[in-house]
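In the two complexes below, chain A is the common chain; its partner is chain B in one and chain C in the other.
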Partner chain A sequence: MNNAIEIKDLIKKYDDKFTLKVPKLTITKGTIVGLIGENGAGKTTLIKCLLGIINKYEGQIKIFSKEEKEEYLAKEDIGVVLDNMFFPDILKPKDISIIMHDIYKTWDKNLFYNYLQKFNISPQTQIKKLSTGTKKKLEIATALSHKPKLLILDEPTSGLDPVVRREILDLFLEYMQNPENTILLSTHITTDLEHIADYIIFINKGNIILNATRDEILDNYGILKCGEQEFNTIAKEDIISYQKNRYDYQILVKDKKNMQKKYKNFIIDNITLEDLMVLKIKGANNERIN
Partner chain B sequence: MKIIISNNGTPFYEQVKEALITAIITGDLKEDEILPSIRSLAKDLRISVLTIKKAYDELEKEGYIITKQGKGSFVSLQNLELIKELKQQEIEKYLTKIIEIAKLYNISEEEIIDLIKYLFRSDKNE
Partner chain C sequence: MKGLIKKDLLVIKSNIKHLLLLVLIFCFLSIDGNNMFYYIPTFISTMLFITTFSYDEINKWDSYAITLPKGRKNVVKAKYITSILIICWAILLTYIGGIIFGELSNSLNISLLNNNIYSCLFGALLIISLSFPLIFKYGVERGRIFLIVIIFGFIFLISLISKYITIPEYLKNIDNQYGMYIISIIILLILFISYLISKKIYQKKEF
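Right, the complex of A and B next:
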């Protein structure tokens, strides 16, 4: 099988206000997949369903072709980093190694100590004495040291400075040298994903509103910027969504090359994932108001 | 080999492709030489594996490289003529520009040819 994850007809309802719906989603082995969306959009809920931390849901989730609705236990093949540390902070890295050795058959002590050395973490320091960035690096090192085939990370880079973030991204790229390995990570720091992610999945209000390759999104979408009078000359079907500001209009367009030909005198900027998120989310609101 | 990825709006895969073609034309990448693996290049450039794959796929389609299953991608021999042609095309592009400017300033064909000969010789003497 070529798929690391397959989801069919997933519905997770919290209350009347929030429902996560994923009719169909497959994640191919060997790719980095970025999950983006607002806070509360459903990223963490989706991840928790995948891990079996949430197990009351409708639908089917298969990981490496196996259905995983059982209790969440240490799964050999999956490395997990959630947004808060799950080790008691009086432990030391060397204790982690001892504990993990008992949990995972595949635990590689040497690999773990190599990571510690690489990140300058002393095996003898209590976790509570480590900085936020170092803690995160320790968590990722732990997740990698039982040699998982799938790495699932919830907000692995939030709250970290750019230098540490870069170190962590390089670690992911190193991990991806094995074409059997797969990464799914959620983040709202979209710049981290803009270059390295193979696929971007955009969740809004519990629904997947975009699922495409990085290139399909960033090489294709653009932002057309213009004034009010010019805005009225633009064909409706070319506007995916737009945001009206005091002095300008920002319009989300597709196929920016052709749009530039069609609207020669307009400025069409390249898009960032951040722009896309804002325009898709806020732009939709605008349309409703008008 | 030099590969520079810029945020100038040109798709990354095109930039990678262009950089590799330049490396082939300038001889930085020799005939039959193995290219970096898709995953290692993705890591070193810090860009998506699929982006690199797209660049390699196009290079293969256009005959610059050959991918052998399980062995990697290699600079292709069969495209030597095309590469020669491309080099000539590049020179032609500049020469056309030179001719345009020469006409603009009323400089004769002979003068330009002499100039080129002169520059060629002084380049050799250096």
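Right, the complex of A and C next:
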């Protein structure tokens, strides 16, 4: 099988306010998939369902073709970094190695200590005495040291400075040297994904509203900028969503090349994932114009 | 599971200085030879073990533990096994301490020591049997409050019953061999039922 993750008809209801719905989602082996969306969009809920932290849901989740009942077989192959969920912080990195050695058959103590050395983490320091960035590096080192085939990371770079973030992204790219390996990571720092992700999944209010390759998205979408009078000359069906700024309108358009031909007098800028996210979530849409 | 047991032992080890200090203080307080001495190490160890739940909760360890192979299945089992290990260790220590103390002061009374040790063991096992399901269900803070309510309710009930009902003679002599077996079996049964309830609670729990 070529799929690391397969989801079918997943529905997780919290209350009347929030429901996560994933009719179909497959993640192919050997890819880096970025999960984006605003806070509370359902990214963490999806990840918790995948990992069995949430286990009451409708639908089917398969990881490495293994279903829920034999989940522990798949879990040997999954490395996990969660947001603020880790070992009791009274423990030390060397304790983690002692514990994990008995939990994962494939735990590699030398590899773990190599990471510690690389990140300049003393095995004897209590976790609570580490800085946010160092702690995150320790979590990632822990996730990598049993040589997982799939890394699932929830906000691995949030709260970190650009230098540490880049270090961590490089680590992910190094991990992807093995073509069998797969990464699923959620983030709201979208620039990180522009560097490394192959696919982007965009979740909004519990629904996947976009699932495409990064290049498809960045090549295809564009931002058309114009003034108020010009705005009215643009065909409504061409406007996916728009935002009115102080001096101009920013319009999200699809099929950038054709749009440029159609609206020769306008500038259509390349889009960043952040623009896309903001315009899709915050921008007014077509229906409101009508 | 061995890993999860080691995790709790390591957490306790990181806290061991506090434990030793407490034991010393209490030993000092009970040096005049009252029975308090026998109960202190076990109950402090039990309470100390319950603090491992607090550390788990603060660091959201449970969510992380579930992502480990066989995580959800083993967390509960490991908690029970580790706590029993800790209790046995404390009891053994008390027993040896009791013998040495008795020999030194020339007042060794093995059957009295045995009785104290037994009630110590049973008391500690009852505490974990009652508190673990509550902690798994409601978390450490609320679980503790419920535990206190239950224990006081229990004491109140017992005192109420003993006021109105005369205890039959055979129950008064419960510390003979035969009675000891019955109590042991009842305690083990309670422990086992508590384990099953905790397991069920944990299987359904979402974090």
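As a convention for this text, the second predicted complex is superposed on the first by the 276 of 290 C-alpha atoms of A that agree within 3 Å, B and C clash if a C-alpha of one lies under 4 Å from a C-alpha of the other, contacts with A are read in each partner's own complex, and residues count from 1 in each chain.
In this text, a contact is a pair of C-beta atoms (placed from the backbone, for glycine too) under 8 Å apart; a residue touches a chain by one contact, two chains touch by 3 or more.
Just so you know, these numbers come straight off a predicted model, no measurement behind them.
Trainee: Is A:Asp198 touching anything from chain B or chain C once the two structures are fitted on A? First, second, both or neither.
Mentor: Touch status of A:Asp198: first partner only.
Trainee: Now for A:Gly30: first (chain B), second (chain C), both, or neither, which partner does it touch?
Mentor: A:Gly30 sits against chain B, while chain C stays out of touch.
Trainee: Answer with first, second, both or neither: which of chain B and chain C does A:Met85 touch in the superposed model?
Mentor: second
Trainee: Hey, is it chain B or chain C that touches more of chain A?
Mentor: Between chain B and chain C, C touches the greater number of residues in chain A.
Trainee: In the superposed arrangement, which partner chain does A:Lys56 touch: chain B (first), chain C (second), both, or neither?
Mentor: The second partner, chain C, only.
Trainee: For A:Asp102, decide between first (touching chain B), second (touching chain C), both and neither.
Mentor: second
Trainee: Considering only touches as defined above, state whether A:Thr213 meets chain B (first), chain C (second), both or neither.
Mentor: First partner only.
Trainee: Looking at the overlay, does A:Lys75 come into contact with chain B only (first), chain C only (second), both, or neither?
Mentor: second
Trainee: Counting contacts the way the document defines them, which residues of chain A are shared by the two interfaces, the one with chain B and the one with chain C?
Mentor: none
Trainee: Report the residues of chain A in contact with chain C in the complex, numbered from low to high.
Mentor: Answer in residue numbers: 48, 51-56, 72, 75-76, 78, 80, 82, 84-91, 95, 98-104, 126.
Trainee: Can you check the complex and tell me which residues of chain A touch chain B?
Mentor: 30-32, 169-170, 173-174, 176-177, 179, 195-199, 213-215, 219, 270
Trainee: Inside the complex, what are the residues of chain B that reach chain A?
Mentor: 7, 9, 11-13, 39-40, 42-43, 46-51, 54
Trainee: Under the definition above, what is the set of chain C residues touching chain A in their complex?
Mentor: Touch list, chain C to chain A: 1-4, 6-7, 10-11, 14-15, 52, 55-56, 58-61, 63-64, 66-73, 204, 206-207.
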